[in-house]
Structures are given as C-alpha cells and as structure tokens.
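Listed after this line are the structures, all set down as structure tokens.
Both complexes shown next keep chain A, but they swap its partner, so chain B is in the first and chain C is in the second.
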Partner chain A sequence: MDAFLLQILNGLDKGSAYALIALGLTLIFGTLGVVNFAHGALFMIGAFCAVTLQRILNLSYETVDETQTDFLGNPLKVKTPYVESWFGPEAGAAIIDWSVPLAVLFAIPIMLAVGYVMERGLIKHFYKRPHADQILVTFGLAIVLQEVIKYFFGANPIQTPPPEALRGSLDIGVMFGFDPNAIIYPIWRLVYFAFSAVIIGGIFAFLQFTTFGMVVRAGMADRETVGLLGINIDRRFTIMFGIAAAVAGLAGVMYGPLNPPNYHMGMDFLVLSFVVVVVGGMGSLPGAVLAGFLLGILESFASTTWATTTIPGINQIIIYLVAIIVLLTRPRGLMGRKGVMEE
Partner chain B sequence: MSNKSVTRRGVLKTGAVAGAGVALPTIFTASSAAAYTNEPTGGSVTLGFNVPQTGPYADEGNDELLAQQLAVEHLNGEGDGGCLNTFTSKALQGNGILGKKVEFVTGDTQTKSDAARASAKSMIEKDGAIMINGGSSSGVAVAVQGLCQEAGVIFMAGLTHANDTTGKDKKANGFRHFFNAYMSGAALAPVLANAYGKERRAYHLTADYNWGWTQEESIVASTEALGWETVNTVKTPLASTDFSSYIAPVLNSGADVLVLNHYGGNMVNSLTNAIQFGLLDKQANGKDFAIVVPLYSELMAAGAGENIKGVLGSMNWNWQLQDEGSKAFVKSFGEKYGKPPSNSAQTCYAQVLLYADACERAGTFNPCGVVEALEGFEFDGLGNGPTLYRADDHQCFKDVLVVKGNESPTNAYDTLEIVEVTPVEQVTYAPDHPMFSGGDLGQCNPGA
Partner chain C sequence: MLGLNKKDTSLLIIVAILTLLAPFILNPFPAGSAMAQFNAGYPDLMQRFVIFGIFAIGFNILFGLTGYLSFGHAAFLGVGSYSAVWMFKLLSYNVIPAIALSVVVAGLFSLLIGYVSLRRSGIYFSILTLAFAQMSFALAYSVLSNPKFNLTNGETGLQVYADDPQILQGANSPDLPHLFGLPMRSTYTLEVGAWSFDFNAGYYLCAVIMMAVFYLAIRIFRSPFGMMLRAVKSNQQRMNYTGLNSKPYTLAAFVISGMYAGLAGGLMAAMDPLAGAERMQWTASGEVVLMTILGGTGTLIGPVLGAGFIKYFENIFSKINDNVLHGWFSFLPDGMEDAMVFIVHPFIGKGWHLTLGILFMLVVIFLPGGLVEGGQRLLNWVRGRRSGADDKTAGKTEPAE
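Our next item is the complex of A and B:
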C-alpha cells in the first residue's frame, strides 16, 4: 500500500509538469490555432531564468587570500557576493538561498515578454499557414533557442537547489497513520505539486471569473463573431500567448531543483506534452490537466520493478500506448470538443 | 623529302598512345604509391580529433579538444612542453612527429555512433587524417574503432569505460588509455568493504545500454565477491530525465546501498533525486544508507553540486595527483585555459603523445608500425604512474583512483577528493577474462 501511494505521489508530481506545459500548449492551440513546438523551449527558458538570477545574486568581487592557494599554487582569489556585502553575510546568504522562489517573480515579466515577442515577431505570420508549417517553424525556433542557451550556459546541467528549509524529505506516511519511514517524500516535490495546483487553479479562475477570460473563452468558441462585436480578440490572444509562455516558464523555474536544468530539457518534455494535449483533447484546458496527471501516474506505475519485469519496456511505451488507444477509440481526446480532430 | 601528311586521326592515335605511355607508370603504381592510408607526403601530418562538440557531452568534448590542441602545441615545440618533459620515452623532440609539423582537424561526434562515424570518415577521406583521437562514449568508441580498422588508420579512444571497447569489440588498430568498468569494480570493492562493511545489500539502477550493462556486471561481481548481496538490478531508459519512480522503490526494498550505474545527465539527475528522497539520511538494516557512483567525472561532479558529498566512485585520473607528469600537465593546461583539466582531457592528451611517440619509435606513420610500437609499451610520466599498453587487447594497465565527493570543497574545482590510488596489480585481469571474452584483435590494417 505504501509503495502504491508513493507511486501515486510520483505520478502527481510528474503530472504537474506535464499538466503545466500541456495547459499552455492547449491554451495556444485553443486561442490562436497554432501548434507551438517551441513550447518546451519556453519551459527551458523559465528554468534558465532561475539559473540567471542565481548567477546575478552570486555576482562577486574578488579579494586575494595569501594564506590559501589555488590549483596552480597561486594565492587564492576569494569571491564574496555583492549581496552579502550589501545586506550583510546572513541576509545576503538567505537571499541567495531563496533564489529559486525569487526567480518566480523574476521570470514572470521575462516570460511574458518572451511570449509577446515570439507571437508578434514570428508566430502571427503563420496563423493562416497549415499546421505542418507552424510545426516546422516553431520546432526550428526551439532548436535556435536551445542553442542560444547552450552558447551562454554550456551543455552541462546546472544545479539550482531549493532553499535550505525546503530541502530533504518529509515523512508524510506518519501523518496518515502509516508506519514511520513508510512514505517519505521530498519536500520540494510537494511544493512543486502545490505550486502547479495554484497556477492551474489561477488560470481556470482567470478564464472563468474575469471579463478578459470571458472574452477569451468566447473567442475560443467563435472567434469571428467576437470580432464582429467590435472586440479586438487578436490583442487578447497575444496576451494569452504571453500568459501561456509564463505558465511554461514558471513550470521550468520550479522544476530546476528537481532535476538540474540543461539546454535540452525542453525537448525532453515537448513530445510528452503533445501526447498529453492529444490525449486530453486539443484545445481542452481541463483535458490537458486531467491527461497530464493521468499519464504522469501511469508512467510512474509503469516504471515499477513489477511492471517492467511483467512487460519489459512498458515504462518507455506506456504513454504512447495510451495515446494510440485514445486516438483509435476517441480521436477528439478525453475531453476534446466534438468535431475537433475528428473530421 | 617525305611527303607524309599529318591527319587528324593520326594525331589522335599518336596522342592516345603517348598519353597511355605517360600514364602507364601511375596506372600500375597508383594503388601502391601510398604504403598506407593517408601517408603524409608534405611537411606536415594531420591528426583527427573526434569529440562531442554538440549534444549533452559538448562541455566534456570541449575539454578534450583543449587538451588535444595543447598536445599538438607541445609536439610542435610550442608552449612549455608539458608532459614531454616528464614522459619516460624521449623519442619526441618537440619538432613535430618524424620531423613533420603536426596539424589537426576536428569532428563532432554528437555522442551518436552514426554521426561519429561520419565525422571520422570525413576527416580520414577529405582531410587526410592519419589517426582519430577522442570521444566521450563507449558506443561511439566501438563504432569509430570499427571504422578506423576498416579504413586503415589508428584509433586512440578517449573517454570510453565499457569493457567491450577492449573486450569483445577490440580491434588491432584501436587503443584505449582510459580505464574500464572491470577496473572500477576491482578498485572500488576493497574501499567499499572498508567504508561500509562486508554485509551490505545493494540495489543497482543501470542505464539501459551497453556501457551500463558492463558496469553493472563488473560492480555486481566485485561486490558479491566481497560478500555483498545484490537485492535488485533495475534498468532505466537512457532518455530518462526524472528518476523518482525508480528511486522510490529503493526505500522499502531492504537495500542499504544504492549503486548508480549512470553517467552524464543520467547520473546528475538520479543522484539529485536520490538525495531528494533522503536516502543518505536514512538507515536500513541498522546501517547508514550509502550511495555509490562507480564512474565519476569532474563535469558530472560539477553538475551534481553538493549532492555528491561523501559519495564514493572511481576515476581514471584527477588533477590533484602529485606525480611529476600530472603536475606538468595541470600546470600547462591550467596556465593556458585558467582551469584544471578533466580526466577525459588528460586521457586525450596522453593518447596524442602516445601516438606521436609510437610513430617516432617505429620510424613510420604506418599503422602496423605504430601498433607494433604501442603493443607491450611500458611508460611513465604522463600522469598515471607506470603504465603498460597490453599487447593482447590494447588496454592500458595503470593505477586507478577511488574518489569521494568532497565534504568541504574550497573552490569550484576540488569537488572530488582522492581516497585511494589503487595499484595496477589489483585491477589487472587475464586477457581471456569472461567479461572481456568473445572478441578478436585481428590483424592491423594499414589500408591504402
């Protein structure tokens, strides 16, 4: 039972990342009708916002310590971050320690701007082009973006650790009456899940309870009619693109402490996220979230020793297997609108 | 006076016969003009450096490239000479190789076998490279080694740790300076016994490809010989990015040691995940839980950050070694590039010097001469202590380092500390050892 619950938690955690990326993807497809293969790159850029802020906070001045030597035997240059000299060693160290949560604030304007520039600068020129053209150009853009990141940050993974207080793991089994040590789960993974839930909830609330959201939903249902009513739906859709980019970026920022960011992390998630969108239903926001968590949990269970010994390789194909079954039996996806991808 | 008129047909006939006569010597001698592939004819010789310049191992490839460029400088008599001053063979004089200036071309393996073969082929066929050096993957090494054997050039492998490179896939034209998975197991086992005792239960997570399998086999064999029990061996897809699903079952498996047979990004992520799950803070079977990473590299250590603290593993070489060869190389590399070299950089640097030295001693660039010069060659002064290039399998035998994640690093580079230098005798095995059986060196191929 404890092993079962652990894999459920793992699945929810994986599903959080899938759902956040897929949510943005399906939002873009639903509003602009664009298949955005650069969405994984936005997730990666988000993670590198955290890396960048970490580097900024660690900008240091050097003092020479004659008592120590470097690897060549020269006097050691000791680096002291500016924030430590400005705010004092303790406060400065605390700011650096909390660089990932701070990066959430840092990343929001950057990701909104990246999304805006991407949409206005490139993607709007492809609205009326076939999906194949959109895929090619956005995939090309994704490659360019990841190579730019590699140029500046290298190919090696870069650690963006969580704050000291949120490292380590929590014995959550005890809270639910299990034996001690039965269900131990990393604190940051729980934080990531909670963060995802808040973001997903926020997006739904924004679309459901604000006038802006109402117009966007109306535009998703019938863009032409909304336009005829005198509403500049294009501008709102551009803003939605920025919001989708920000969601992917924030998912990346918070993902860094789970697995150190590297330049190709976006590609690792891209294909899976598309499968999530297709399984959930193209353009369906609840579908993307449901499919994200569902596939995350299935993938976790497929990775257990029991599953891999019963059906070797199941851990690598489970998601695609589900996608095939869904596409064969219900081409519009679990919660897709009738008619979408069915004609 | 002759009245013979010159006809067009006559001119053509005469021209054809004369042309054939002039061409005759080359028609029959063209194939034998060069005694071997890419025999250098001018004042220079071209080496081919095939390293990952793109893809996830690009940083490691870049480090290899820097070291290879340094080796070329030293061969041509530039810079401070580096290990030419400490190498026990004194055949190299700093005037190139056999009096020819050393030049190089580079290829990008992308850490993909097909791309690596294509780049090696291009360097051999288009650029006239006489040897291929470098790389950061066993799959690539085996693929390129096979190509070099067919093409008739020497392959000096870079970072390749799978037993198969000098085991079932060994080739007469291929040579490996780097250590292998068997050696990691043999070096680590006594240290593990010392650190964690002889009654341990190990759980292996293994990257699901050739290198992972041979490392798992080697570590399982050496730890079981100690008395350890292997609780489970789980293969993880190479493309995995998150290992939480694989780590979670370890917690309640009855194991008290986790062995991560992962490299590169796999290792960085699996170790990070294991630390997140608090494995190192946990007790199992009344003992402190331990994690082992059998193959370390400096770049992986940097990627894993604080997570490697106290975690044991092995390496081919480390810049902190204090022998004269290591010091000379670190000084030369450090002063030029401002950072200490990685162990893959060191192996590539050593391989270039070893190749050049073999050519000098053989008096030829002919691959068969080089093979003969390298087989059974004993040397010192390149940073790993006394070393033998064994004739049976073209594997270098030298001391192996057991290292540990530094608990209190003082700078960005001393993330690993040397725990023990395992003497070569302890990591030496018979050429027909079962883990290396099934291959055949075959005959050297000079090509041409």
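Our next item is the complex of A and C:
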C-alpha cells in the first residue's frame, strides 16, 4: 500500500508539469484554434527566467578584506552581492536563497509580454492558414527560441537550487499512519505540486467566476456570435494567449530545482505534453489536467523495478502507447467534446 | 521519353546532368585558394546531398501530394540503417542485399505504422506519427539493446565486428561496404591545374539510385494514382462522397514514402557501416520536413533542392569561425569590423541551427511554396519588367459585374 502511494506521489511532480503545459496548450487551441509547437519553448524560457534572476541577484562587487588573509598572508578579496549591501547581509542572503520562488514574480510580467508579442507578432497571421502551417511556423519559432537561449546560457544544464528551508525530504508516511521511513518525499516536489494545483485552480476560477472568463468561454463556444454582440473577442483571446504563456513559464520556473534547466528541456516536454493534450481531448481544459496527472502517475508506475523487469523499457514507451490506444479507440480523448477535431 | 512528357523529360535530364557532373559543379574554386572552403565537392558531403534528396523526395510523395504531415519519418530512415548493417553483419559487405533489405523492412514497418496512424488525419495524424517515432527511438535506444536480445546495440550504435558471421564474405572481397568488389570509399581524384575533382564510387551509386527514384516519383506524380492523392489533399470529404475509399491510396503513399526513407537509411549505412538510434529522433524527422518545405512542397524538384540547400549551408556555416569572419570584414575600419563579426557570430559555427530556424520561419511566413515558388516569382518579375510598361494595363483585370 505504501509503495503504491509512493508511486502516485512520484508521478505527481511530472504530472503537474505535464498538466500545466497541456493546460496552456489547450487554452491556446480552444481560444485561438492554433496548434502551438513553441509552447515547450515557453516552458524553457520560464525556467531561464529563474536562472536570469539568480544571476542578477548574485551580481556582486569585490572588496579587499584586511582581516582575512590567504595562506600567503595577502589580504583576501571578498565578493559581496549588491543585494546584501542594500538590504543588509541577512536579508540579502535570504533573498538570494529564495531566488527561485521570487522568480515567479519576475517571470509573470516577462511571460505575459512574451506571449503577447508572440501572438500579435506572429500567430495572428496564421489563423486562416492550415494547421500544418501553424505547426511548422511555431516549430521554427521553437528552434529559434531554443538556439537563442543556448547562445546566451550555453548548452550545459544550470543549477537552480531551491531555498535552504525547502531542501531535503519529509517523512510524510508518518502523517498518514504508515511506518516511519516508508514514504519519504522531497519537499520541493510537494511544493511544486501545491503550486501547480494553485495555478490550475486559479485558471479555472478565473474562467468560471469573472466576467472576463465568461466572455472567453463564450468565445470558445461560438466566436462569431460573441463578436457580433460587439465584444472585441480577439483582444481577449490575445490576453488568454499571454496567460497561457505565463502558465507554461511558471511551470518552468518552479521546475528548475527538480531538473536543472537546459536549452532543450522545452522540446523534451513538448512532445509529451502534446500527447497529454490529445489523450485528454483537444480543447478540453479539465481533460488536459486529468490526462497530465494520469500520465505522470502512469509513467511513475511503469518505472518501478517490477514493471521494467517484466517488460523492459516500458517506462520509456508507456505514454506513447497509451496515446496510441486512446487515439484509436476514443479519438476525441478522455474528455473531449464530440465533434472537435475528430476526423 | 520513358513515358514522360517533354517538360518532365527535360527536368529529368537536367537533374541527371547535375548529379553526374556534381563533382565538377560543386568544386568551382581551386584547391588551396581562399574560396576553397565553399567547395562542396568532397565525397562525404555529396553523398549526403543525394541521400537526403532521396529521403525528401519520398517525404514529398506523402506530404506534398496527400497533405498528411508526418512527424515520424526518421523512424523509417533508422530502421533502414539498422537492417542494412544487419545484412553486413550476417551476409557480407556487399551493399545490394543490404539496400534491398532496408527498403523491404522499412516498407513493412511503415505499413504497420501507416495502417494505425492513417485512421486519423490532420494534427492527430502528425501527433500519432510523432508518438510512433519517439517510441521507436526509445525502443532502439534502450529496450532492444539488452544483452539477451541485442538488436540495436543501444548508445554505441550498431556496427560490424570481426567475429560476425558474414557467411557470404569472400576471401578477396574488401573489408568495407562494396559493390561486387568495388569499395564504396574508393575515390578517383582528377587534377586539372589548380583544381582537383573527386569521383567517388559511393556517390555515384547513390546518384544513380537517386535518378531512378526521382524518375519513379515523376511517374507517381503524373499517374492516376497521383491524381487520387492530390484529390485527398484538396478535399477528402468530397472524394469520399463520390464513393471512393481514400484509405488505400493514402496508405500506399505512406508506405512508398516509408520505403524511400528506408532506402535513404540503407544508403547511409552503405556509405558508412554504422547505425545509431539518434537517426530516429524527432529532430531528424523535423529536418526532412524542413527540407521539403524549404524546397517547395508538392513540386518535383523542390525537395531535392531543399535537401541540397540545407546540407550545403549546414556544412559551410558550421565551418566558418570568427577568424574567417575577420578575414571577410577586414576591409572595414577596425571598430566596424569587430561590430560586424559580433553581429554575425551567433549565426555561424554552432549557431547554424539558429540561422536554420529563422530561415525556416521566413519561408513558412512569406514563401509557403519554398524555393521553387521564389524562383518562379523572380522569373515572373524579370519577365514582367522586360516586357515593358505597355503590358501593365493589359495585365490588370477588371472585376466582372
């Protein structure tokens, strides 16, 4: 039982990332009808927002400290980050330590802007063109974004550690009445899961309970009629594109501590997220979230020793296998609306 | 000639002349001169031109005619390579059985994948093929290389070892891929003054095969079967309403293009007896899509042009470094020179993919017909200018009431 629970927990963090990216993909598809192959790149840009903020916070100046000497007796040069001199040593160190969570605030305006520019500058011109063209141009954009990041940050993964307080693991088995040490789980993974739950909840609440969200939903159902009612639906859809980009970016920011960001992380996640969207049902938001978590957990179960010894390599192919079965037996996906992209 | 009309015959003849004379055409600069780095006439690169040309021609039969965008064609290329290397391991280094088997195996494999994937169309088809290709990649990379059943040799890549059976390997036949004793690597170098031209056996084998499959592609494009495929692209629903089942046609197109990919994979292994899983990765599938789009989707010559264009510039751009750039811009004042080098630097060497991505976006946005359409537009523009101003009024059409 505890082993079972552990696998579910293990699947949650990857499942959260899948769910967040797939949610954004579905939002874009549902509102604008565009298949965005550059969405993985947005995830990656989010992760590099965290890297950038970390670098900015660590900008420092050198002073010669007379009290400390190296082994030759020369005074030692000490690097002090600017934030430490501005906010005092302790507060400054705390700010640097919490750079990843702070990067969330830093990333939101950046990702919104990136999404806005992308939609107005490029995607807008592709609404009337076939899906194949949309796939191709966003695929090209993904390559460009990836290479730009590679140019500035290099090809190697960059460590973005979580705050000191959130490192280490938690024995959560004890809380649920299992034996001690049965279920030990890294804290940051729990944080990631909670964070994504908040974001997913926030997006749904936004769409469900605000006037803006209501108009967007109406536009998703029937764009033309909403336009005829005198509402500038394009503008709202553009904002939704920005929000979808921000969701992907935030997923990337917080994912850094789990897996050091590198320039091709977006592509790795993109392929899987597309599979997630398709399994969940193109255009269905709850479907994307559900399928994201389901596939994440399924992948974690397939990675157990029992599964990999029974069928070698099952962990590598399970998601694709599920996708193929779903597409063939229920092409509209788990929760897709009837008739949406079914043929 | 050969059942082609006049225009296609001349196209085929032009392609034949260009491929056969490629060692001359691609080496316009004397060896050792400053411009020699733009020469592309060495065997390895020329082989890549034609092999990727074959791959793109095949992809175009599916994507250009039926409009089905497959994102998993590299899987067939990889399967072709693996089967060819297995033939080297089991039979002999003769390339004929290897290439034949790679085509057959890729055909069977694509029949299987096509049968499943073609039950869906549009974006679902793209994602299904992508999923299948990624699955094949994962299988080849890890699953099928366990000690009990080592089919692909995992990360190292499949290669021929000394203790392989090679039952048909004669005592005198060379110990590397050969065509009835003629090694693929043998190269005859012709020196004319300062120029040197390489005539490579492997290249000519690939070139002859490419001409054959190019001819086949022309025949397919012009056949009633090709018309059916175009009908699938323009309006599949209407085609179904007229009582035609489009499935066998699309499946046939898929298998044919899979066999082209397998042939390309087999040739790749024949030039260099090694097969790795990275050939099946989805970036490799993306590359052939790029080639086809860049050249011109649905045109005969487009994919070949696209493949040549991408492979040539990949090679040239990767070779250029900052020193070369400084040489180019040395005529500028010092500050300007450094600035130019700084600006160009991200796009060259390792930054080639950035250039490729930008180029690809520009083509999709502004020139959906690719290089072929660009050439036609240029031609029309030149013609329009030459014919003078009096045509301007004639060319204008008044809307009919």
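Here, the second predicted complex is superposed on the first by the 327 of 343 C-alpha atoms of A that agree within 3 Å, B and C clash if a C-alpha of one lies under 4 Å from a C-alpha of the other, contacts with A are read in each partner's own complex, and residues count from 1 in each chain.
As a working rule, a contact is a pair of C-beta atoms (placed from the backbone, for glycine too) under 8 Å apart; a residue touches a chain by one contact, two chains touch by 3 or more.
Predicted model, so just to flag it, every value in this text is computed and none were measured.
J.: After the superposition on A, what does A:99 contact: first (chain B), second (chain C), both or neither?
T.: neither
J.: Name the contact category of A:52: first (chain B only), second (chain C only), both, or neither.
T.: neither
J.: Between chain B and chain C, whom does A:284 touch in the aligned arrangement: first, second, both, or neither?
T.: Touch status of A:284: no partner.
J.: Tell me the contact category for A:316 with respect to chain B and chain C: first, second, both or neither.
T.: both
J.: Applying the document's definition of touch, where does A:168 land relative to chain B and chain C: first, second, both, or neither?
T.: Only chain B is touched by A:168; chain C is not.
J.: What is the contact status of A:137 with respect to chain B (first) and chain C (second): first, second, both, or neither?
T.: After superposing on A, A:137 lies in contact with chain C but is clear of chain B.
J.: Classify the contacts of A:10 with the two partner chains as first (chain B alone), second (chain C alone), both, or neither.
T.: first
J.: By the touch definition at the top of the document, which applies to A:181: first (chain B), second (chain C), both, or neither?
T.: first
J.: In the superposed arrangement, does A:26 touch chain B (first), chain C (second), both or neither?
T.: neither
J.: In the superposed view, which residues of chain A touch chain B and also chain C?
T.: 316.
J.: Of all residues in chain A, which touch chain C in the complex?
T.: Residues 35, 122, 125, 131-133, 135-137, 139-144, 146-148, 151, 267, 271, 274-275, 278, 282, 312-313, 316-317, 320-321, 323-324, 327-328, 331, 341, 343 of chain A touch chain C in their complex.
J.: Hey, which residues of chain B end up touching chain A in the complex?
T.: Against chain A, the touching part of chain B is residues 54-60, 232, 234-235, 237, 239, 241-242, 244-246, 248-249, 251-252, 265, 268-269, 272-273, 276-278, 281-282, 299, 302-307, 319-320, 330-331, 334-335, 340, 410-411, 413-414.
J.: Can you name the residues of chain C that touch chain A in the complex?
T.: Touching chain A: residues 67, 69, 116, 119-124, 126-128, 130-132, 134-135, 138-139, 141-143, 146, 282-283, 286, 289, 293, 346, 351, 353-354, 356-358, 360-361, 364-365, 368 of chain C.
J.: Note which residues of chain A are touching chain B in the complex, please.
T.: Going by the criterion above, the answer is residues 2-3, 6-7, 10, 13-14, 68, 70-72, 76, 150, 154-159, 161, 167-169, 181-182, 184-186, 188-189, 258-260, 262, 264-265, 268, 299-300, 303-305, 308, 315-316.
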